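The next part holds the structures, each set out as C-alpha cells.
Same chain, two partners: chain A is paired with chain B first, then with chain C.
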Partner chain A sequence: MQDRNQAHRIRKRISTALTLLALFIIMLIICVPGLWIVLNSFRPTVEIMAKPPVWTPSFTLEHYRAMFGGAGEGGVPVFAYFRNSLIISVTSTLIAILIGMAGGYTFARYRFAGKSSWFVGLMIFRAVPGVALSLPLFIVFARIGLIDTHLGLILVYVAMNVPFTIWLTDGFFRQIPKELHEAAEIDGCTRWQAFWKVEFPVARSGVASAAIFAFLTSWNEFALASQLTRSVGSKTMPVGLLDFTAEFTINWGGMCALAVLMIIPALILTFLVQKHLIAGLTFGGVKG
Partner chain B sequence: MRMRRLPEWLVLLLPAIIVTAAVVLIPLLFSLYSSFTPYKLTRPSTLWIWIGTLNYEKILADWNFWSAFGRTILFLTVVLNLELLLGLGIALVINRITWGQRALRTIIMFPMMFSPILVGFQFKFIFNDNIGLVNNTLQSLGISDAALPWLVDAKLAMFSIMFAEIWMSTSIFAILILAGLYAIPRDPLEAAEVDGCTAWQKFRHITLPFLMPFIFIAMTIRSLDVARAYDIVQIMTGGGPARRTELLWTLMSRTGYVDARMGLANAMGYVSIILSIIFTVYFFRKLSAARNELGMGG
Partner chain C sequence: MAEVSLTSVEKYYGKFKAVHGIDLQIEDGEFVVLVGPSGCGKSTTLRMIAGLENISGGEVTIGDRVVNDLPPRERNISMVFQNYALYPHMTVRENLGFSLKIANQPESAIDKAVDEAAHILGLDELMDRRPGELSGGQRQRVAMGRAIVRHPDVYLFDEPLSNLDAKLRTQMRVEIKKLHKKVGNTIIYVTHDQVEAMTLADRIVLMKDGHIIQAGTPLELFDAPVDTFVATFIGSPPMNLLNAKISGPSMVLEDGAQLPVPTDAKDLVRDGQDVVLGFRADSLSPVGHGIEETGLKAEVELDVQLTEPLGTETLLFVDFGGKEVQAKMHNPRHVAVGETLTFQLQIDKCHLFDASSGRAIRN
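The block that comes next holds the complex of A and B.
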C-alpha cells in the first residue's frame, strides 16, 4: 500500500514536471520571434549584421530617430502611413459594424426562407483570397479612379469585414432573450427604439469585440492594400514595411522599429477584448 | 398608390448584400469574363477578344500550375493538421496549469495580433542564412558549422514558410479549444473516473466529442482566410528560389502583376477561389452537423 502510494506520487510529480516543461517550450516558441523583433529595433545595424553574432545586445534609438526624422537614411514617411492606416481602419470598421450589426440582428431575430444559404453565401465572399480579388479589383478601381484613394480601401475593408461581423454579432444577439424586446414593445417602444434602448446595450461588449476584430483585419491587411495603393497619400503601414527593402538588402533595424509601431495598437486592443472575443466566436459558432 | 414594402429582414440585410456585391461580386464577374479573354494590362484592347476556355486549357496543360496547385494542397493539409494538433496540445497543457491562466491566454493570443506580412518579414529575418537567429544559434552552440540555407533549399524553405504559417495561426485553434475545455461539464468525466476509465479513454470518448464543435469553428474561421499565407510566402521567398516554394497565390500574382497577363491570372484566380469556397462550405457543414449532434442546432 505504502509503495503504491509512493509510486503514484512520483508519477504525478513527473507528469507535473513534463507539463511545465511543455508549457515552457510553448511559451518560448510563441514569444521569442516577436521579442526578437522588438529587441532588434533597439540594436545598431552593425550589431545586427555582425558575423560572428554579438550575443550581448547594446542599446540605441538610432532606428526610431531615423524613422521619425523623415528624410535621410531610412527616411520613411511613417506619420503619413500611420495616419492612412488609422483613417482607413477606423472608418471601415465603423461602417462595417453598422452594416454587420444590422445583418447579425436579422439572422438572430427573423425567420425567412433560405436563411442558412444567405448566411453561407455571405461567408463565401469573405473566403475569396485577397490576391485573387486584388487582380479584378485593381482593374475595376483603375477604371473608376479609386486606385490610391482612402475611399477605395475603405470600401474593400468594409466588404471584407461585414460577413465576419455578422457572424460574431449574430451570436451575441441570439443570447439575449426575445422577451426583452417584446416587453419593451409592449411598453410602447417601436422595434427600432427597443433595439437601441434594450438590446444594443446588452450586446455592447460583443459588438465592441467584433469592432476590434474588424479593426485588426484592416490594420494588418496587405495583399489588397499593396495593389490598390501607390503613393504616400494612401499607403498603409503593412505596405510601408516594404519601403525598408531594396533590391538586395533590407534595413532590418528600421523595419523592426516600424513593426513595433504597428504592433502596439494591435496589442492594446487585443488585450482589451480578449475575453469577449473568445466568447463571441464560440457563442456565434456553437449556438448559432 | 403605395409601393409594396420589402420585408423587414431584407431591408436590414440589404446594406450588407449591396456592399459585398459591389466590392466582391462585380469584380469577380468581371474577372470571370476576363478569364475568357487574352487580356493584358499593357494592351487594353485585348479585353474585347473572346477566346473561350483557352486560358483554362493553357493552365491545365501547364506543369508549373499543377506543381503550384499540388504544393498548395500539400501546404494547406500539413499546416492545418499541425495547427489543429498543436492547438489541441497547447490547450490541454494550459488547461492543466492552475495558475496565471489569464496571462497565459493572453500570451497565446500574441501571434494573432501580427500582420501576416510582418510575420513574413520576421521569419525571413530569423531564418536568414547569414545573420538569422536560427543559424546564429546553431553555429554558436556548435551544432552546425556551415550556415544552413533555410530559405534557399527546397525542403528547408518549405519547412520555413510552414513554420511561419503555423506560428501565426495555431493560436486561433488553441484559444477556441481552450474555451471548449472550460465549457466541458464535470459530471461525465467524474462518472468515467468512478467507472475506472483511463485518461486516454476519458479523452477519446468524452473530451474529444465535446470539443468537436469548437474544433470546427476554428477550422471554419481558418478556412475563411487560409489565403493569408500568401503574404508570408510572398515576403519570405516570393515563391522562389526557382519556383521551389511556388504556391497557387504567388504564381497568380506573378502572372497578373509582373507578366501583366490578367486574363490568364484571373483564370488561376478562379481555381483558387473555388478551392477556398469548397473549404469553407465543407467546414460550415461539418460545423452544423457537430452542432446538431450536441443538440445545439436551431
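The block that comes next holds the complex of A and C.
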C-alpha cells in the first residue's frame, strides 16, 4: 500500500513538471518574437543582421535617436502617427462600443422578427477578410473623398468592430437575469435608467473586454490602413512602419523601435483593464 | 394601502391564451395567494398586476386607478422575485435605498427608512456586504427589505421561497406572515406550494390552465373543494379518490365493496350514477385510532401495505376499492406490513364528485 502511494506521488510530480515545461516552451514561442523586437530596437544594426545571432545584448539608443530626428537622418513623424493612431482607435472604439452595446442588449433582451438571421448575418459579415474589402472601399472612398482622412478609417474600423462587440456584449447581457431590470423598473426606474444604473454596471466587465478587443483591432490594423491612408495627416503607426523600408534596404532597427512604441500603449491599456478582463471571463460567478 | 381588482383580465402570447378572463377583487390589507401547478398562469397574472407583462384584455385597477397602461414605476407596488434579483454591484444598504434614491429623496430620509427596514428584518449587521457575500436566506431578507422600504400600496411576491431549503422556507414563511401583521398592506403572493398557500393566505386563489378554479379561505378550499382537482391539490397527503357507482342507498366500489351514501348527498345522486368518492386520510383510521366524529360511519377490514411513521401519527397505505389509499393512525402503535386492521371510514366526511365532470356533488 505504502509503495503504491509513493508511486502515485512520484507520477504526479513528474506530470506536473512536464506540464510546467510544456507551458514554458509555449510561452517562449509566444514571447520570444516580441522580446526580440524590444532587444533589436536597442542594438546596433550590425548586431541585428549578424549570423549567427548575437545573444549577449549590447545597448544603444541610436535607432530611437534617429527615429525622432530629422527627416534626412532616418527620422519618421512618430508623434503625428501616434496621434493619428490614437484618434482613430479611440474614436472608432467608442462608437463601436456604443453601437455594439445597443445591438448586444437588443439581441439579448428583445424579440423581433428575423432575430437569428440578423445575428448570423452580422457574424458572416465579420467572417469576410478585411483585405478583400480594400479595393471596393478604396474605390468608394476615393469617390466620396474619404481617402487619407481620419473619418474614413474610423468608419472602416467601426464597421469591422461592431459585429464582434455585439456578439460579445450580447453574451454578457444574456447572463444578467432579466429580473434585475424588472426589479429596477419596479423600484422606480425608467427602462433607460434601469439599463444605466443596474444592467450596465453589472455588465461593465463585458463591455470593457469588448472595448479592449475593439481598440486593439483598430490599433494594430495594417492591411486596410495601408490602402486608405496616404500622408502624415492620417497614416497610423502600423503603416508608419513602412517608412523604414526603402527600395533596397530595410531599417530593421528603426522598425523595431517604432514597433516598441506601438506595443507600449496596448500593453498599458491591457494592464489597466486586466482586472475587468478576468472578472469578465469569470462573470458567471456573480449571481443576483 | 389599496385594493386591487381584476376584471376579465386576459393574456395572449401570440395565439396561445395563457390567462382566460380572470375576475378577482382583493381587499385592502388582504393576503391573497395565487396557487396552482406550473403553467397555470399565476405568475403571468402577477406580472400583469406589476406591469411587467402587457395586459391583452380586461382591466386592472390598484386603488381607484386603472393601471393597464401605466409602467411599473407608476403603480406604487413592490415585488420580491424568486431569484431575489438583488443588484450585485451594490451593497445591502445601497440595494435597500435604491428606490428612494431614484425618487430623489433626501439622504437623511433614505438612511432613516433603510435603517428601519433593516431593523425589521434583522439586516443591521450586513449593511456593507454585497449580495454575493450573503447566504440564500439573507438575500431573501434583503429582497424583502427592498420591498418594504418604500411603503408601497401593494406587495407582490413571486415564489419567493422556492430557492430556499426546507427548514429556511418554514422560517421565512413565518417571517412573511409576521411582516404582513406588522405592515398590514395588501399582499399578492404566488406559489406552487399548497402548504405555503394554506399557511399564509387570508384567501387562496387556485388556478389551472389560465382559469380560476376556486377562490376562498384555506379552510373553504380544504373542506369544500369544488372539484377533484382542488381536492387533490390542496391538503397533504392529497385526498384519496375512488371510483364508485350509486346503487340505491349505497355506493359500490370497483372491487365490489359497498358503502352507504353520505347523508348530505342522498338526494343529489341518482341510481346508477358514476361518482368519485373522495376522503382525506384523516377520515379513514383504524378503530380506536381516529378522531371521534358524529355522523355516518362504515367499518372495513384492510391490509396494511406500507407504513410511514411521522411521530404523532402514522400514515398507513392500504388497498381499498381497487386502489392504494392513505389512512391515518392517531396515537400510533407499531404496525407490521401485511397486518389486517379494522378501519373506520367517516362516511359523512366524504366528498362526492361527478365522475364525468369532476365537479363536487353538493348543495
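Simple rule for what comes next: the second predicted complex is superposed on the first by the 244 of 288 C-alpha atoms of A that agree within 3 Å, B and C clash if a C-alpha of one lies under 4 Å from a C-alpha of the other, contacts with A are read in each partner's own complex, and residues count from 1 in each chain.
In this section, a contact is a pair of C-beta atoms (placed from the backbone, for glycine too) under 8 Å apart; a residue touches a chain by one contact, two chains touch by 3 or more.
Predicted model only: the values in this text are computed from it and were never measured.
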{"item": "Side-by-side fit of chain B and chain C on chain A, or clash", "value": "fit"}
{"item": "Residue contacts on chain A - larger count, chain B or chain C", "value": "B"}
{"item": "Which of chain B and chain C A:Leu133 touches, first, second, both or neither", "value": "first"}
{"item": "Where the C-alpha centre of chain A sits as vertex, the angle toward chain B and chain C in the overlay (nearest 10 degrees)", "value": "90"}
{"item": "Touching partner for A:Ala183 - first (chain B), second (chain C), both, neither", "value": "second"}
{"item": "First (chain B), second (chain C), both or neither touched by A:Leu272", "value": "neither"}
{"item": "First, second, both or neither for A:Val38, with chain B first and chain C second", "value": "neither"}
{"item": "Partner chain(s) touched by A:Trp219 [first = chain B, second = chain C, both, neither]", "value": "first"}
{"item": "Touching partner for A:Val198 - first (chain B), second (chain C), both, neither", "value": "second"}
{"item": "Where chain B and chain C come nearest after superposition, their Cα distance in Å", "value": "15"}
{"item": "Residues of chain A that lie at the interface with chain B and also at the interface with chain C", "value": "285-288"}
{"item": "Chain C - residues contacting chain A, complex", "value": "50-52, 71-73, 77-79, 81-89, 98-99, 102-103, 131-132, 146, 150"}
{"item": "Interface residues, chain A side, partner chain C - complex", "value": "177, 179-180, 182-190, 193, 197-198, 201-202, 204, 285-288"}
{"item": "Of chain A, residues touching chain B in the complex", "value": "19, 22-23, 26-27, 29-34, 36-37, 40, 48-53, 55, 98-100, 102-103, 105-106, 110, 112, 116, 118, 120, 122-137, 139-140, 155-156, 158-159, 162-164, 166, 216, 219-223, 227, 238, 241, 250, 252, 255-256, 259, 262-263, 266-267, 270-271, 274, 278-279, 281-282, 284-288"}
{"item": "Footprint of chain A on chain B - complex, ascending", "value": "7-10, 12-13, 15-17, 19-20, 22-28, 30-31, 34, 41, 89-90, 93-94, 96-97, 104-118, 121-126, 130-131, 133, 136, 139-140, 167, 171, 175-176, 178-180, 183, 213-214, 216-217, 220-221, 223-228, 230-231, 249, 252-253, 256-257, 262, 265-266, 269-270, 272-273, 276-277, 279-281, 284, 287-288, 291, 294, 296"}
